[in-house]
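Next, two complexes with subunit A in common: one pairs it with subunit B, the other with subunit C.
Take a look at the complex of A and B:
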């Protein structure tokens, strides 16, 4: 399937899916970039900033696919939509902790490890399915992204397992972080209101199939590190795929667009 | 050295002569080779300062990472700050090897940074209030860094020379990234040009300071002279500053920007740039931790080091999977 052969209903569904993919990576990459210089050690600063950079590149690929579908310039759609137009899951927009990246950041490494690991597992499952997407340009992008994402998954899995099997304090902090992420991680696992059209057009696998894969994997890992599997993750604060968001998204997008918004028409 | 005689049987003076002969012949000193304590201490001072400056140097640009005005610029500045962190890590590993015989580790470097004993480069104590500053930093601060680091590519200490080779290769991309930002703004709206000129005005004196004072009398410090003797470096501070002027002043002028020094000119007779010197007492204040952003940026590192103590403890307690 190419842009020319898409039926209007399919195109609408594809655009919805692409915004989910783009905004998920865009927001989590932003939260990652806020950690620069604040990671637990310098080696992690090097690795984490590389991962954030990769993820910004992935978001850029998806925004460009949207541009190709007539959604407007990639920079404009990345920076200048209103909060209700973003399609990322709520848990990915959440701040890293109290303070800001410029002043008194009291960031939570356990939350960052859990959120990134859970997301990396899902992203891997999602990409594995997108490789066979009926929309050719998306399948091609997914294959490119996968070569990088594989290393992200390993990176966060090592962190997750190490901290979950170390000191009492680490286990306690990680367990609290799992509980926190669990409340909203369901938002990552859903395809939103256009779910049926997205799946019918074979853009990606059924969300229930992918959800099951994610739950199986996480349940096995939790068992491996001696932790309790709390049942399916929830979506307590609403579904970001519907445009429901928190103030953390507003804060994120106003930072991300601060300079661009002063004059979107000029070259920067 | 006399044939058949072991190096260990030489007295200190003979060892020193042998060492100076080696570096004068252009040989590289490796971590396990004998070296005078003074040489080791000079290297530790220089390389740990260089390494920690790369790390502290990521902070002013980090302020602009999320705010970079397009996806393309975001990707480029993210790549750049990631490189800087990588340089810091590479250099700290070189410093750690040199410190090991003294029983010191990375932890000591961080503690010395927090206490103010270990200084970092003057430029990273300064404010970077606009996107124009991000451009000037990448273009001119990195441009200045290339000039001062290139001179040490042939440093007598092998691991440092090899690390610098990698670092300089990446710095060239940074300066190009900076130049590209500068060009876009210089060709842009009047507001963009004004933002750029303001940033240049802010950074000019810091750039003069970047290379250090002309001679020991301004700061009472003779490390530069010592490092030339040890072939750690090959040029004086003033040589480097003149090189920087020759490379960048014509480019700055060709963009229609004004250098905030109306005395600056090239003197044909002496073949030197004449310029208004920096206020070196201010320089001393800045690098002692009293610059406009010194304590804010140190606080970021201090608090994150403390917040993440539990992580380092968890890693130390656990054998790697």
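Take a look at the complex of A and C:
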């Protein structure tokens, strides 16, 4: 399937899916970039900033696919939408912890490891499905992203397993982080209101199939580190795929777009 | 292909050989295997380029440098650069010359026929020793890792292997 052969209903569903993929990577990579200079040690600072840069590149690829479908210029899509137009899962927009990047950042590393690891596992499952997407340009992008994301998944898996089998304090903090992420991680695992059209057009696998893969993987990893599997993750604060968001999204996008919005016509 | 067109293509390829990776000054985009197709028709050039890492900030600079280099070739009226993802850029596209030039820059080249997930043997670019340790799989740019040579006691970098995952 190419842009020319898409039926209107399929095109609408594809655009929704691309916004989900783009906005998920965009928001989580922004939260990652806020750790720059604050990560637990210097090597982690190098690694995490590199991962965030890759992920911002992945978001950019998806925004470019949206541009090709007539959604407007990629930079404008990324920067100049209102919060209700974003399709990322709520858990990915959440602040890293109390304080801000500039003022007393008391960020939570356990939360960051859990959120990124759970996301990386799902992203891998999603890409594995997308590389066979009926929409050719999306399949091509997915194959590219996969070669890079491979390293991200390894990175977060090491952190997750090591902290989960470390000191009592580490395990306590990680357990609290898992409980926190669990409340809203269901939002990552859903394809939103256009789910049926997205799946019918073979853009990606059925969300229930991918959800099962994710649950099986996480259940096995939790078992391996001696932790309890809490059942299916929930979506307590609403579904970001519907445009429902918290104030944290507003904070993220206004910070991200502060410079761009001063003059969108300028090349930054 | 007419003789004139073929000599023009040759000049364009020479120009492309002078476009360097902005972050690795010794290596050209041809050495890295980034150039997929070059089409020269009536003085108009179209180059399709395979991006290495998708978040690489050097891509815009490379695009600009390619345009500039080609437009300087006599007889060329326009140059267009397109980034494409098929085929995927993989590290086995790096030429033998490219691998040598990476070493000169202190970067160990990636294994040529890497299979993702399998262990990866890295030699020190300075002394050739295999007695090395991985300090960080991530490095100063998206495509590099940081290592240390236990033999000659030099820190060095290695290019991460990237292979098609099917």
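Convention: the second predicted complex is superposed on the first by the 268 of 268 C-alpha atoms of A that agree within 3 Å, B and C clash if a C-alpha of one lies under 4 Å from a C-alpha of the other, contacts with A are read in each partner's own complex, and residues count from 1 in each chain.
Everything below uses one rule, namely that a contact is a pair of C-beta atoms (placed from the backbone, for glycine too) under 8 Å apart; a residue touches a chain by one contact, two chains touch by 3 or more.
Nothing here was measured: the structure is a model prediction, and the numbers come from that model.
By the touch criterion stated above, A:155 is placed in contact with subunit C alone, subunit B being left untouched.
Residue contacts after overlaying the shared chain place A:147 against subunit C, while subunit B stays out of touching range. Set against each other, subunit B and subunit C touch different numbers of residues in subunit A, with B touching more. By the touch criterion defined above, A:167 lies against subunit B but remains apart from subunit C after alignment on the C-alpha atoms of chain A. In the superposition on chain A, contact is made by A:75 with subunit B only, not with subunit C. With both structures placed on the common chain, the touch criterion links A:40 to subunit B but leaves subunit C unconnected. Of the two partner chains, neither subunit B nor subunit C is touched by A:117. By the touch criterion defined above, A:57 lies against subunit B and subunit C together after alignment on the C-alpha atoms of chain A. Residues 43, 46, 50, 53, 56-57, 60 of subunit A contact both subunit B in one complex and subunit C in the other.
Taken together, the subunit C residues at the contact with subunit A in this complex read 51, 53-57, 85-86, 88, 90, 116-117, 135-142, 146, 160, 162-166. For subunit B in complex with subunit A, the touching residues are 55, 58-59, 62-63, 65-75, 78-79, 81-82, 85-86, 88-89, 92, 106, 131, 181, 184-185, 187-189, 191-192, 296, 299-301, 303-304, 307-308, 310-315, 317-318, 320-321. Partner subunit C is touched in their complex by these residues of subunit A: 43, 46-47, 50-51, 53-58, 60-61, 131, 140-141, 143-148, 150-151, 154-155.
By the touch rule above, subunit A contacts subunit B in their complex via residues 30, 33-34, 36-43, 45-46, 49-50, 52-53, 56-57, 59-60, 63, 74-75, 78, 101-107, 109, 158, 161-163, 165-167, 169-170, 173, 255-256, 258-260, 262-263, 266-268.
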